[in-house]
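The first chain written gets the first letter, and so on, giving A, B and C; residue counts start at 1 in each chain.
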Amino acid sequence: MTALLTPALIGQIINVFAAVLLLVSFAMLAQRRILSLIDLFAAQGLVLCLSTAFVAWATGQTHLYWSAGLTFLLKVLLLPWILHRLIRRLNVKWDVETLINIPTTMLVGLVLVIFAFNLAQPVSELAGTVTRGTLGIALAAVLLAFLMMITRSKAVPQVIGFLAMENSLFFAATAATYGMPMVVELGIALDVLVGVVILGVFFFQIRERFDSLDIRHLEKLREE
Amino acid sequence: MNWEIVAVLGIPLAGGAALAAAGHRRWAAELNVALSIATFVAAGALTGRVVRTGPILAFEEQFFVDPLNVFLVALTAFVAMTTSMFSRPYMRIEEDHGRLSAARLRLYHSMYQLFVFTMLLTLLTNNMGILWVALEAATLTTVLLVSLYRSPASLEAAWKYFILCGVGIAQALFGTILLYMASQKLIGSGIDALLWTHLAGVRSQLEPTVLSIAFVFLLVGYGTKVGLVPLHNWLPDAHAEGPTPVSAVLSGLLLNVALYALVRCKVLADGALGTPFAGRLMMGFGIASVVVAAFFLSRQRDVKRLFAYSSIEHMGLVTFAFGMAGPVASFAGLLHMTVHSLTKSAIFFAVGHATQKTGTQVMEDIRGLMRARPTIGWGLIIGTVAILGVPPFGVFASEFLILTSAMRQEPWATPFLLLALGVAFAAVLSKVQPMVFGDTSEKFPPGRLPHQPALLPVFAHYAIVLTLGLYMPPYLADWYREAARLIG
Amino acid sequence: MISWSGAVAQLTELVLAILLAPLLLGWVNQCRAWLQNKSGPGVLRPYLMLRRLFAKDAIVAHGASPLFRVVPYVLFGAMAMAAAIVPTLGTDLPYAPAADAIALVGILALARVALALAAMDVGTAFGSLGARREMMVGFLAEPALLMVLFTASLISHTTSLATTVETLSQRELAIYPSLAFAGVAFTMVSLAENARIPVDNPSTHLELTMIHEAMILEYSGRHLALVEWAASLKLFVYSCIGIALFFPFGIAQGGDATGLLLALPALVLKLGIGGFLLALIETLSAKMRIFRAPEFLGTAFILAVLALLLHAFLETS
């Protein structure tokens, strides 16, 4: 079956995955509703998992199968579940408010994508993997997630932006290096999980104090 | 069997778990102190062994101990121990004042030990990936500690801390990925490609373009945790709003450990690039931190924020020193890391008790500490004088060495440094002096503190700093020189 | 030199477009009715409407300038020319050297400007309203359309439409995510430009929701007939562009006579499927509020630019 795949076809299929990842990142940027945002995040995790599994199949690196499985469990099932539960218990289902309007955000996102592509060009030529062309897309997705974080005024979308950034970094790792060693990946996964748990606790504290998860309440500390 | 490493890492880890279960009991603080003492003893044993027999590679090369990180391990364990001694009465007083509950103390104690664990792991690991994981974990353990008081300001500080450091460290992850990519071509896939010792071995053959981009990301990422300007925004808030022992360990330990991570990366970048690119970047960020922090000092009204900016300034100075490179500059940088860590944590101890006594952190409202409580007053003024670089304290020695190396190697930087140090001196002293001397304010809550404040750690730290300033034992000097040589 | 088969192909395409465009419109309306469980007006309805309109007198308002009378012809002419340039049956067309992607967009823009001017000419409220909205939609849709065409041009290294289609149809089967993105963007743009749901409702006459209908409110008789014919031609042209760029199988290469004969049923089949899909999209979506239209088109633009970037970055490295 693997003989069916010419290197060109493998590269193209991986390009498709990367393109879908970029599309999902843009969709998250343009999304107004929190529940859809979480579902898009789960979709991003799914794309990640599938692309890792595909690379594992096409290049024969079996440790990537474990990686894909870990991604699936954590980012497609566990984290969205935790986030959904959090939203339900916090009783927040509002529309996301943005600091600058959505079309402008998308245009800025476009500029970031161009910047990321330029930045990654020399690096991707040096990588030794079949997926190296997608390093620029991974970096672009990281920057888009970062943009999402800074243009949102509520806490939960900021966190989702943060998690999306981790997702894109993971994709970058797969693109550039066929994934980090398992130990490191497990460590990163643990960090992410603990981070979300801590954030969950944190949200309750914020909610308790401010009766709202609007970040603008948290901007009172200034230089005196 | 490398029992020292097992002990150094295992004791805080087990302690964290134990305190998670029992941290609300009355003897939790004593247990915390005991665990820290045990960790320090293990660290001492490890240090002794490395000094005697040279660098150690342990557990299939996953852990690496050389003179550079062993001295930081010893320093970390020591300051963690003295901070735990300080925190014992401090947290009790906080509990009695009603600002904390037993449940929160449980969180505090267990996170404290886990935090020490993550820092020691960062120092001892040979794996750049695990380094990242541990440093991120260090942020995670302290986030909830910064928000311990649950006030709006502390929640904001903790949120900023989490988000800014999280974003920063994500950049560092990208840098690590690029590093792995570069090393994969030479060493092949698998965990060996992430081991620092292997990377250092092949560093001259690493791809320069990749390493330069990787270093920039690593500098931005780890630099956020060091508190370099312009990535320092989280630092003053986290220091001001968290409980004082947390401020002490953040300033005294976490900044050092993050800088250590950065220095390890710099060694690789220097080897790969051959140009002083990495050093110049570090110098730039360092100088910016020193100057910006110095000028912000005069605007502060909160005493902990004041000393937080002082930390930014000093870490900028150390970054600058490491950026300059060269035996004297690196030696001075290492010395400065040590004395700053000891002095700053001692200052925070004194400040902590001062704020407890006076009930406020606003500097204008604190007056005449010397009359109200002489030991606290002396503790604060000696510390201030020490951190500002007055001889014969150790800070003067290290700052002098840094300045003289700057005059020789990077003369353009000297006026900025001198100006910044001068401005800082004036700003801090002018604010602290009325706090310590002068008439006692009427607004102080009367009576003594419910528990005897622990001022022994304060003066113990000062004694060490004074000794280092007056006379550096030859073995210590050799040790520093050896470590400086490893930095390049 | 202009080859005979090329000239025949060109003429056939033009005549075919003019004749078949109302049929396409009828087909779309019929499919929409079927999807909504109605019996529908019949596929030939637009022809009946055209015949009826041509038979009536054209009433022109008192204050209308000569522009008002001329525009329907300009419109029809522009659309016919556009239909002539787009390679629907064959790629060896005599107009090919001038049949630039940019020229195509220019012709469409000419048509749009002409209609907007005519709408404002009479001075009624609805006219200006429609004209303003149309220009807003056009302002955003044109760059998106250009980007889509540029993506195709980058792949074929030329902006000439005929060459582009030839290159795209001769490619071996390969997955190009950039074309997928461009396809989605193109669909969104054509929905906006042809005044279809979700951007504009072609059968509404409510002030709040009209764009295209508002502009042609003053026309009657043969003028209206020409304008309606031009609108259906526009839909035909857009569908053909979409087919030519994204599903170019079956289009005759060169001046092959049998190829041309085969291309015709292929075209009809593809248009039929396309029309059905359009009706499906219209049935499944709700009309957006007017001020969301910029967002919709902005998304199309972003997708088109992404397609361009993806191609430049991914598929040429």
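Note that a residue touches a chain if its C-beta (ideal position, glycine included) is under 8 Å from a C-beta of that chain, and two chains touch if they have at least 3 such contacts.
These numbers were taken from a predicted model, which means no experiment stands behind them.
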{"item": "Most central chain, Cα average position", "value": "A"}
{"item": "Chains linked by the largest number of contacting C-beta pairs", "value": "A-B"}
{"item": "Inter-centroid spacing, subunit C versus subunit B (mean Cα positions, whole Å)", "value": "66"}
{"item": "Rounded Å distance between subunit A and subunit B, as computed from the means of their C-alpha atoms", "value": "31"}
{"item": "Mean-CA-position distance for subunit C and subunit A (Å)", "value": "38"}
{"item": "Per-residue multi-chain contacts in subunit B, two or more chains", "value": "none"}
{"item": "Touching residues (chain side subunit A, partner subunit C) in the complex", "value": "8-9, 12-13, 15-16, 18-20, 22-23, 26, 30, 102-103, 106-107, 109-110, 113-114, 117, 121, 124-125, 133-134, 136-137"}
{"item": "Subunit A-touching residues of subunit B, taken from the complex the two chains share", "value": "127, 129-130, 132-133, 136-137, 140, 143-144, 147, 150-153, 155-160, 162-163, 166-167, 170, 173-174, 177-178, 180-182, 184-185, 189-191, 193-194, 207, 209-210, 213, 237, 241, 296, 299-302"}
{"item": "Of all residues in subunit C, those that touch subunit A in their complex", "value": "174-178, 180-181, 294-295, 298-299, 302-303, 305-306, 309-310, 312-315, 317"}
{"item": "Residues of subunit A defined as touching subunit B within the complex", "value": "61, 119, 122-123, 126-128, 139, 142, 146, 149, 155, 158, 162, 165-166, 169, 172-173, 176-178, 180-181, 183-184, 187-188, 190-191, 194-195, 198-199, 201-202, 205-206, 208-210, 215, 217-221, 223-224"}
